[in-house]
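Naming follows writing order (A, B, C, D, E and F), and every chain is counted from residue 1.
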């Protein structure tokens, strides 16, 4: 067995899995479910749990929906998770992210990786003004 | 020599270094320079170059200043760079980040690290809808 | 030259390399050698050295063989090394890992990445009870 | 504000936070709560949500409790999260982990980081036997 | 939109982008531009800025050109960036890197990842002799 | 138990451990052993094995001794391992690394982290010229 598992389509899913798929589509107002959930469905407990986390954390809160997706894309880009960039990038565009904003986001993410590396290697002491 | 180098204070700095310090303070409208730059000042070429990058990337653009700092904090939190969290967290608060927004940002960053790990380990294929 | 080098098959290998291949097959009681070793064989010194490390560390010890492979899979999943997940996943299944155990392992690995991120970003002080 | 927030002690906690603390102590059969939760308590929603995840993922399942903690320690060691090594290391020892087993775990984690790096850099193709 | 953007060829590029392409080719004394720059060209400001950084940092300095490329390859190998290994590996070979040196470099990178993991997990105190 | 273990001094060490310490000092022509080995000594098998790896990989080969230490420092800086930066930085200085070279090394490491992030996030296709 390699790392990749086949997605479980709606028609082949158990009622428990279908209930999560239904909630994903209702919450997002779409008529399809993306592969992450269909692959995670091999482990229904994780499917239910991870979806509950995403629904809560990415739902209405103190940050607006676009900013939340931008943050998700930024971390995914920093981690080099291409699927995550593609899926959360799509969600961000749906909420209004322009191509210019995406380019700027990538520039910030890459620069932060450069300066984070320098700061850590130089072991810079935190300024009292920041405490 | 350990990893940590002493910060170079303004009074002890060369004219070349002072020029960068002056530009940092003028750009940020502050009367002090934080340790990252004062440590980087041991290598004036890097000081000048990195500051020019930060100034350009974090300056006016397609994303608003608060969102830009939130993205910087998010990447720094994901990378575990405490100095960077402290310094860019301070910059974000100056631009209006509330404590509730910071908590939400951390929740997103941590959750993205969880799902990025799952997606990569499961080697999920990118949905055609995302291409 | 790209990053990928062709595997060196047994028939094309030098006696020095064949000796390692033979030891790998004898130790594992198999009749084939997986690609990692056949690619590493371009550098016979590394082939011999890395195999000696694997043989010693993954051999009989204080932890049982299945647990050792589970730990190897967990680190590989956390690092996003798909080849390593595939190869050590196969070794773990050979030693009895079930699909339910693998799903649980992935859930733990992903959750640890979430909480590790939070703990580091929040710079939590170690409790005296843990010292 | 630096990265570090003060732990919220039981006496100073809101009823909502106390309810989580109580559940942590009841689940673990202890009379104290470790700093991670007391720091996370500044964000009660995250406190409740992360605890619910830990409780479910680390609860009874297909893997025995010691193996689960060993996996958590392994990922934390690979990520360099010292608090997490300390806290989950304590949990693992409570479930029987010996010093020899811990040394062996560290050796596996470190070796996996070595071979993961080599495999990824060499871009080794997955053997058909692993698919 | 997926993560991958099409490269912008010279004939299709704006004068601003062509000026950077021209400088890349003149600096490197080649008649083609590699994909990184042609993909980055969708964001001309980043194209110009990143190239200026590479030109300055990788230009003449205190370290010889081969050593500089070896360091770039080493970090790229440690990060698992295959494109970067391929492109900077080619640059290193052009400057004289032999296959034996590349194998040795990979061995060092992988071993450093092993010992870095051990040192961090064991939280080793810096010796006074190193301060 | 926290993550940190006390170093085992020569006088308190077993003959097996002393033999490794002796070989470290003889190989390096020094009269002391640094903390990494004294902490690793709690696990004599790992002490012996890791030392044998370092001795072989960092010994005479296709790359000169200074370049080897520079590569070790670069990976350690990229990984943010401060002890490793301090110890291998000292070894590099002993072999002639100047402060200007160290600054240049850090600039390369940090820039590589920036461009590696961009390349991976943009999923740049490897040019046929690099294959």
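Just so it is clear, a contact is a pair of C-beta atoms (placed from the backbone, for glycine too) under 8 Å apart; a residue touches a chain by one contact, two chains touch by 3 or more.
None of these values were measured; they are calculated from a predicted model.
*Asks:* Would the interface of chain B with chain F count as same or different, where same needs over half of all numbers used to appear in both copies?
*Replies:* different
*Asks:* Would you kindly say which chain has the C-alpha centre located farthest from the C-alpha centre of chain E?
*Replies:* If we average the C-alpha coordinates per chain, D ends up farthest from chain E.
*Asks:* Could you report, rounded to a multiple of 5°, the rotation needed to superpose chain C's C-alpha atoms on chain E?
*Replies:* 120
*Asks:* Let me check something: if the centre of a chain is the mean of its CA atoms, which chain is farthest from chain C?
*Replies:* Between chain C and the rest, the longest centre separation is with B.
*Asks:* If you average the CA atoms of chain B and of chain E, how many Å lie between those two points?
*Replies:* Result: the chain centres lie 22 Å from each other.
*Asks:* What's the distance between the Cα centroids of chain A and chain E, rounded to whole Å?
*Replies:* 28
*Asks:* Where the centres are mean C-alpha positions, what is the separation of chain A from chain F, in Å?
*Replies:* Each chain reduced to its C-alpha mean, chain A and chain F end up 35 Å apart.
*Asks:* For chain F, jot down the residues that touch at least 2 other chains.
*Replies:* Where chain F meets two or more other chains at a single residue, that happens at 1-3, 45-46, 49, 53, 57, 78, 80-82, 85-86, 89-90, 103, 106-107, 109, 111, 113-116, 118, 120-123, 126, 130-131.
*Asks:* Over in the complex, which chain E residues touch chain C? Could you list them?
*Replies:* So the residues of chain E touching chain C come out as 80, 82, 85-86, 89-90, 93, 99, 103, 106-107.
*Asks:* Which chain A residues qualify as touching chain D in the complex?
*Replies:* Residue positions touching the partner: 1-2, 45, 49, 53, 56-57, 126, 130-131.
*Asks:* Going by the contact rule set out above, which residues of chain B touch chain A in the complex?
*Replies:* 2-5, 7, 32, 34-36, 39-40, 46, 50, 53-54, 57-58, 61-63, 67-68, 70-72, 74-76, 78-79, 81-84, 86-87, 89-90, 98, 100-101, 103-105, 107-109, 111-116, 118-127, 129-131
*Asks:* Which chain D residues qualify as touching chain B in the complex?
*Replies:* So the residues of chain D in touch with chain B come to 1-3, 42-43, 45-46, 49, 80-81.
*Asks:* Within the complex, which stretch of chain D touches chain E?
*Replies:* Going through chain D, the ones touching chain E are 77-78, 80, 82, 85, 106, 109-111, 113-118, 120-123.
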